[in-house]
Structure formats: C-alpha cells, structure tokens
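These notes open a run of structures that come right after.
Two complexes come next, and they have one chain in common, subunit A, joined by subunit B in the first and subunit C in the second.
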Partner chain A sequence: MDELLQALAQGLLIGSTYGLLALGMGLIYSVSGIVNFSHGDFVSLGMYLCFALFGALALDPYVSLAVTLPVMLIVGALIYRFLIQPVAEAHALMVVQLTLGVALALQNGILMVFGGQPHRVPSVVEAKLVMLGNVVMRMPHVVAFVASLALATALFVVLRSTDIGRAIRAVHQNARAAALMGVDVNRVKVMTFAVGIGLLAIAAALLAPGTPLMPSMGLRYTVITLLALVLGGMTNFLGIMVAGLVIGVSEALGMIYLSDTLGMILPYAVFVLIVLFRPEGILGQSRS
Partner chain B sequence: MLRIEGVDAVYGPVKALSDANLQIGKGELVGLLGANNAGKSTLMNVLSGIVPTAAGRVFFEDEDITKASARRRVEMGIVQVPEGRLVFPQMSVRENLLMGGMNASARPKRAEGIARVCELFPRLAERLDQHAGTLSGGEQQMLAIGRGLVAGARLLMLDEPSLGLSPLFVKYIFEIIDKLHKDGLTILLVEQNLNLTLRFANRCYVLERGHIVVEGTADQVRDDPRTRSAYLGL
Partner chain C sequence: MNPEFHRILRSPALWIGLVAVASLPFFLPNYYLHIATLTLVYVALASAWNIVGGIAGQLSLAHSLFVGAGGLLASALLLKLGVNLWVGALVAAAVSAALGAAIAWLDFRFRLGHLTFALITLAFAEMAEIIVIGWEFLGGASGLFLPKDTGQFSQMQFGGVQGSFWIMLTLAAAAILANLIVLNAPLGYYLRSIRDNENAAQAIGVGLLGNKIKAMVISGVLTSLVGTAYARYLTFADPYLLASPVLTIEIVLFATVGGLGRAFGPALGALLLVPLGEVLRGKLGGVLPGLHYFLYGATVIAVIMLTPRGLLPLIQDLFSGKRRAPSSGAPAKSH
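== the complex of A and B ==
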C-alpha cells in the first residue's frame, strides 16, 4: 500500500512537469499548427544553461531562471521568426523537418560545448525530503509540482480572460477573422512560440536538480511531450495537463512494480490503450 | 472618405483586380456588385490590407494607406464584416464582441460599443454568454456586424451579408444596414442580391472579371445593359 502511494505521489509530482512541457507544445500547436520536434532539446538546452550558470557563478537552477527565461524567450522568438515563419506556409512536413534539424543542431551543439559525460546541477533543496504520512517526496519534485500547477493555472487564466489570451484563441479559431479584427497574426504566432519555449526554461529549472544531464536526453522529453499532447487532445489545455499526470503516474508505477525494461514501456502501453479507446483525447471532445 | 486609384491585385499568376478606381464619400452607402469571382471580395480585402496592393494607391481621408498594415487600417476605422461571418465559434457572443474591440483605438470605448450593439440587436443581448458557434446563421451575421461596430467602424465593409440567410433575416439585416446608414455610418456593401442593393445604395459599382465596368447611381446602374451582362457573364 505504501509502495503504491509512493508511486502515485512520485508520478503526480513529476507528471505535472510533463504536463507543463506539453502545454508549451499545445500552445504552439493550437496557434501555428506546428508540432515542434525539438521541444525536448530545448528542455535540455535550458538545463545546460542552468549547468553553465552554476559552473560560472554557482547559481542555483531556480535562480538561474532570471537569465535562462529571457534567453529562451528570445531564442524562441528568433527561431520562429527566422527559421519557421519562412517555411510556415509550405508543406507541414517542411516544418517537421526543420524542427528535427533544430533538435539535431541543439543536441550536437550541446555535445560540442559541454562534452558527452553526464553533468549535475545541484540545488540547495536537492537533498531535502518532504514526508506526508509514510510517503517520502523529494523537495525538488514538490517545488516542480507546485510551480507547474501554478503556471498552468496562470496560463488558463490568461487564455480565458485577457485580451492577449483571447487574441491567441481567436488566431486558433479563425486566423483570418482575427486579422480582420486588427490582430497581428504573425506577431501572435511569434509570441506564442516564444512563450512555449520560455515555459521550457522554467520546466528545465524545475527538472534540473537531481537529473543527470546528457546531450541526448532531449528526445525522451520530446516523446513524453508528444504523448501528453496527443493524449490530451492536442488543443485541450486541461486535457493536456491531465495527460501529463497520467504519463507521470504510469511511469512511476511501471518503475516500482515492473522490471526495468518493462517499466519503461508502461507509459507507452497506457498511451496506446487510451488512444485506442479515446482517440479524441483523454477528456473527451477536444475544444477545436 | 475612401479613394482608390488604379489598383491592381494579384493571386500568384492570376490578376484578380485591374486598374480599379473607386470612391466612397462620407455617409454614403455604396454597393459593389458582380458575379462570383468578379473580384468583389478581393477589392474588399485590398481595402482591409490583407491582400497586398500590387499597383495603384489607396487613400483614406486623404492619407495614403497603400502600405498600411491590416491592423493600422482597423485602428483607423476601416472594418470588414467578412463573407461567411467568420465568428469565433468557441467564444461566447460577449467575447466575440470584445475581440471586435481589440484594436487600440476601439479598446477604451469597448463597453459602450457592446452596449450599443445590444441595443441594436436585442437577440444578441439575450445570448451574450452563448457560444457563437451555436447561433443561427442570421444571429451570426448580427454578431459579425456587431463585432465590426465595436471595432469602431467608420467605414463598414459588408461582404455578402445576405448569404445563406432566410428571406426574413435578409430583410431584417438590410433594415439594420439601412438604419446604420441613416445614422450616418459610411458603408460599402458587397452583394450578389442586385435588387436589394440597388434599393438601398446611393451609388454602385459593378465588377466583371476584375474590372469595374459600370458605376453610377442605383438607377443608372439598373438601366445599364452592361450590369446585366456582368451578372449573367455574357
């Protein structure tokens, strides 16, 4: 019983960050129709930036955000404006190719600069534990959980009840009508891409403490993000968040109850099962 | 108020509009007539700035806006109510109206604009929290017009407002257009419905394959044989 609770807690904690990763992708997808295959590599870029700042200035990853967040926002805006926008009107596969190219460039760039050996980014809270009954939780996971839920809530509120949020939804629902209302559609696309990548800077800081950094780790985050995105129904933001939690929990259950290799398969098996029976996403009809 | 001189518009290799000259005076209701694909919507999109002007110039209140962005034009009060309404289906009626008032010059007056639209269209006032996608075609047309009014339209450009509506709604929408016109709004009306347009418009232009072939008062346009041929594609 304790084991089960432990797995559930761990899964929910880490799953919230998966949800955050996927929200970033969902935001980009809903506005620009782009599936960003370099998503996970931006997470690793964010983590390596934390590592570099720790090496240079001994900054805690949470503090590093003051630098990494603006950097990633700008990188996101530039990548959309100068790489994606020129091919955005072309075949959808062009953009897929492009983001795959960005993924490889990031991965190998990181390998060149930081080398292939694993790195660590320590944090002051890293070794702290939180006890809830018999369930032991690592402090960085608790921080990640609280921060992810807070950010997701903030994102929902912005989308639901601010002008900029309405403009984003308007571009998603009918870009032409939005343009006729004076919305600068391209600017909204650049901005949401930047925010989507900026969210990854935050996710990276939340994931960094205790995670061994490898240049190739991005792919795993991309895959997890895609799972949560599809499971959530692509544009249903609440669904995406729930899907992130489902992936996190099935990963944790798999690791505790099944052998190593089998455990790794569980999230994918759960994904396949849910998509088989609910192809429209985990929360029923998607909002698009 | 609005004047275009020698305007061309192209879609790739296709010239959708050639050497178009047109004028709209303040307070006028001007009709733009023509068969399908005659270039009516293109002309309207050129005025809105979402189709670039390939040649010629566009003036609004004597300011050259040929190169102005779509957003700038909305801020100046050149507002299009597009064909097929294009409301935001998953937003409430209220949010659609708020979207209308997104532009910088309309935003401060948004609440008054919405109140005015509610007065003009009581049916919308009853449905402010309903999703726009669940409205009937006629109600969506009201919403699209309302959205344009909240946007602060000084030149309201209506693209086929009667399209797909029941005769009763067509009559109602035209009464509203007439009322807006009588209240002093300048209107450019694109329509296939020749008779209705000729009844309400001060002046009309007839487009045929990208060229303006007839222009004049409603009576002149009605009596011009080229109008009929432009419509029948003869």
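== the complex of A and C ==
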C-alpha cells in the first residue's frame, strides 16, 4: 500500500511538470496549428543555461530563472518570427521537418558547447525530503509540483480574463474572424510561441535539480510532451494538464510494478491505446 | 508503366554514372571508400523512406523499427540460433513487412491524419528502442558483435569495404529503382493522390488501405535489407545506432534536403550531406563532437526556408531554365 501511495505521489509530482511542458506546446498548437518537434531540446537548452549560470556565477537553478526566462522568451519569439512563420504560411507540414532540423541542430549545438559527459546542477533544496505519512517526497519534486500547478492556474486566469488571453482564445477559435475584429494575429502567434518556449525555461529550472543533464535527453522530453499533448486532446488545456499527470503516474507505476523495460514502455502503451480509442483526448467531447 | 520510366532507364547519363560509381573501389583509398559506402547506406535508406514519406506523404518516424529489425534481429538469429545471415535478412524483412502493414492498418483504421501519424510513429520508435535495449535476445544495451568478415559470400560476407561498397550500391540502386517504378506505375499516382487529399482520393475510388500497406511494405522491406547489410558492414549491431529514432530523423532530413517525392531527390540529399558530415566528423570529431549533426540540422532549416521543395527541383529548374530559355512557353513539368 505504501508502495502504491509512494508511486502515485512520485507520478503526480513529476507528471505536473510534464503537464507544464505540454501546456506550452498546446498553447502554440492551438494558436498556430503547428507541432514543435524541438520542444524537448528547448527544455534541454533551458537546463544547460542553468548549468552554465551555475558554473559561472554559482546561481541556484531557481534563481537563474531571472536570466533564462527572458532569454528563452526572446529565443522563442525570434525562432517563430524568422524560421517558422515564413514556412508555416506556405507549407504547414514542412514545419515538422523544420523543427526536426532545429532539434538536431540544438541538441548537437549543446553537445559541441558542453560536451557529452553528464552534468549536474545542484540546488540548495536538492537533498531535502518531505514526509507525508509514510510517503517520502524529494523537495525539488514538491517545488516543481506546486510551481507547475500555480503556473497552469495563472495561465488559465490569463487566458480567461485578460485582453491578451482573449486575443489568444479568439485566434484559437477562428483566426480570420479574430483578424477582422482587429486582433493582430501574427503578433499573437509570435507571443504565444515565445510564451510556450518561456514556460520551458521555468520547466527546465524545475526539472534541473537532481536530473543528470545529457545533450541527447531533448528527444525524450519532446516525446513525453507529445504524449501528454495528444492525450489531452491537443487544444484542451485542462485535458493536457491531466494527461501530464496520467503519463507521470503510469511511468511511476510501471517502474515499480513491472520490469524496467515494460515499465518504461507503459506510458507509450497507454498513449497508443488512448489515441486509438479516444482520439479526442481523455477529457474531450466525443465527436458524434 | 509511364513511358517516362523507360526514358530514364535508357538515358546514357544514368548508366555512365552507375559504371563510374561502381568503379570507385578500384582507385579510392579505403578511408574514402568507407565514407562512400556509408553514403550509399543513407542513399538507400532515404530513398526507401521516400516511398512512404515522400510519394505517399505519410511522415513516418518509425523507420528505425525496420532498420533495427534488419540489423538486430538478423544478427541475433545468426548469433543465438545459428541461422544463416541471408535467411535472417529475409526473416527480418518479413517481420518488417508485417510491422509496416500493421502501422499502415492503424493509420487507415483510425484515420490518423498526417500530424497524428508522425506523432504516433515517433512514439512507436521510442517504444521500440526501449524494447530492444531491454531484450537480451536482440543484444540488449551492449549490442551484438558479428563474426569477422572473411569474404564468404554464402554467409553474407563481402570481404571488407570493397565488397560491401558494391552490395550497398546494389541496394541503393534497388531503392531508387523501386522509387522510379512506384512513381511511374498506377501505385505512384494513387499514393500521390492520397498524399494530396485523402478524402478526395477515396471519393474517386482510390483504395486507402491497400495502397498504404503496399507503400509501407515496399519501403519497410527495402529498409530492413539495408539494415542487415549495414550491421554486417559495421560487424557490430549497435542498438543505439540502428534502433534509434535519431536515425529516422536523419533519413527524413536527407530526403527533405534533396527533394521529397522525387525518385532521385532523397539520394541527392544523402550524397551531399553524408560525405560532408563524415569528413567533418573524421577531422573535427574529437574537438567538436556533433558538428556533423549540427550541420545537417542547419542545412535542412536553410533548405526549407529557401527552397522548400528541396534541392533537386531547384537544380532541375536551373538546368531546364537554361535549356528552354529561348523557346519559352514550354509547359511546366508537373510533379
């Protein structure tokens, strides 16, 4: 029983960050209709930025956010404006190949700068544990959980009740109509892409303590993000957050109750089954 | 069969080029011959992928399953059960055909659409890598070492880099020929109609399931055979190379750079990028690991930005533009 609770707690804590990763992608997809296959490599970029700042100034990853967040926001805006936008308008599917190219370039740019050996970014909270009954939780995971939920809530509030949030939802519903209503659609698209990548700077700071950094880890994060995104129904933000939790929990349960290999493929298996039998996502309305 | 097919096969340039390439082992030093052989591996892989990814427009990211089956399954059958590698190659090709048909069926049955298809095949590729690395029979994480190549043809040994070069040339030529045949046969027209608009294709009577399965099976079998020959050439079946989704990403990028959906496009992409990448890796691999991949990524970004149809159509336009400039008004070729 303790084992089960432990796995559930672990899964929920990690899953909340997966949800945050996917929320960034979902925001971008719902506004621009593009899927970014280099998403995970931006997470890895964020984590390596934390590592560089730790190496240079001994900054805690949470503190280095003050630098990494603006950097990633700007990088996101530039990438969208100068790489994706010109292509997305002409050849929507080409964006897949384009972002795969970005992924390969980013991953190996990181490899060239930081080398292939694993790095670590320590944090002051890293070794602390939180006890809840018999369940032991690592402090960085708890921080990640709280921060992810807070951010997701903030995002919902922004989307619901601010002008920019309304503009984003308007473009999401009908870009043409939004344009006719005076919404600057291109500006909204650039901004959501920047915010989507900016969220990754935060996710990277949350994931960094205790995670060994490898240049090749980006692809894994991309795939996990895609799993949560599709599971959540692509544009249903609440669904995406829940899907992140589902992925996290199935990963944790698989690790404990199944062999290594089977445990690792469990989230993928869950994904394939849900996509095939509930293509509208776990919280989606059935298409009648 | 479209007369264009016979025109291409009768073109002297093609045969002169083929003979010239085939005579490379007589004067290229071994190091460069090795690079040439690797280039042919990727020419073959990218051309085989093109049947599904280019002509049929199904952006499959699961082709590492086929390379992995060809490389690892055939090697495991030889090492663990003593099955002759030729037989193993055929068994692996049959397994790949079955996997390919299954993926095509899923795509058809659940109407995945282009984007979801790319996502779900990437998930398959990740799953396959995890399974391969956890499965002792396929060599697990440490891979499988094949016996030394002593040149016994009956054991699928080709006597070092020279023989391997010719085998890879054969496979690459076969993959390009398969592209030419598909493009000029009814199947190619069906696949292109599916690529452009699945619903419209179905409405005019193009069978989705049958054609998708055909494309996937042809592509999967070719890819698997290349996988076996590649593992045999390296004498080491490395799961992190052969079963890795990164391999598929490379293939997709080569095909995109050269020109999707053209018979010679993916080959051109691999011909340009692989030798460049390998030479860079040889010269700077110690100082800047990953430089060649970085370059592949940067190249594909540049090509998509500047000439999204790929380099082959661009080159064709340049040449035909020069040739046809005086008698302008010739109808533009449509493919």
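The rule we apply is simple: the second predicted complex is superposed on the first by the 285 of 288 C-alpha atoms of A that agree within 3 Å, B and C clash if a C-alpha of one lies under 4 Å from a C-alpha of the other, contacts with A are read in each partner's own complex, and residues count from 1 in each chain.
Everything below uses one rule, namely that contacts are C-beta pairs under 8 Å (C-beta built on N, C-alpha and C of every residue); 3 or more make two chains touch, one makes a residue touch a chain.
Everything numeric in this text was worked out from a predicted model, so none of it was measured.
**Student:** Compare subunit B and subunit C by how many residues of subunit A each one touches, and report the one with more.
**Tutor:** Tallying touched residues of subunit A, the top partner is C.
**Student:** On the A-aligned overlay, A:107 touches which partner chain: subunit B = first, subunit C = second, or both, or neither?
**Tutor:** Touch status of A:107: second partner only.
**Student:** Name the contact category of A:180: first (subunit B only), second (subunit C only), both, or neither.
**Tutor:** It touches subunit B, and subunit C stays clear.
**Student:** Just checking: does A:167 make contact with subunit B only, subunit C only, both, or neither of them? Give me first, second, both or neither.
**Tutor:** Only subunit B; A:167 stays clear of subunit C.
**Student:** Contact-wise, after the overlay, does A:139 reach subunit B, subunit C, both or neither (first, second, both, neither)?
**Tutor:** Once the two structures are laid over each other on A, A:139 reaches no partner at all.
**Student:** Touching subunit B in one complex and subunit C in the other: list those residues of subunit A.
**Tutor:** On subunit A, the subunit B and subunit C contacts do not overlap at all.
**Student:** In the complex formed with subunit C, which residues of subunit A make contact?
**Tutor:** Its residues touching subunit C are 35, 37, 83, 86-87, 90-91, 93-94, 96-98, 100-109, 111-112, 115-116, 215-216, 219-220, 223, 226-227, 230, 259-262, 264-265, 268-269, 271-272, 275-276, 279.
**Student:** Contact residues on subunit B for subunit A in the complex?
**Tutor:** Residues 48, 50, 69-71, 74-75, 79-80, 82, 86-91, 95, 98-100, 102-104, 107, 147, 151.
**Student:** Spell out the residues on subunit C that touch subunit A in their complex, using ranges where they run on.
**Tutor:** Where subunit C meets subunit A, its residues are 57, 59, 106, 110, 114-116, 118-120, 122-124, 126-127, 130-131, 133-135, 245-246, 249-250, 252-253, 256, 288-291, 293-294, 296-301, 304-305, 308.
**Student:** Report the residues of subunit A in contact with subunit B in the complex, numbered from low to high.
**Tutor:** Spelled out, the residues of subunit A in touch with subunit B are 163, 166-167, 169-170, 173-174, 176-184, 287-288.
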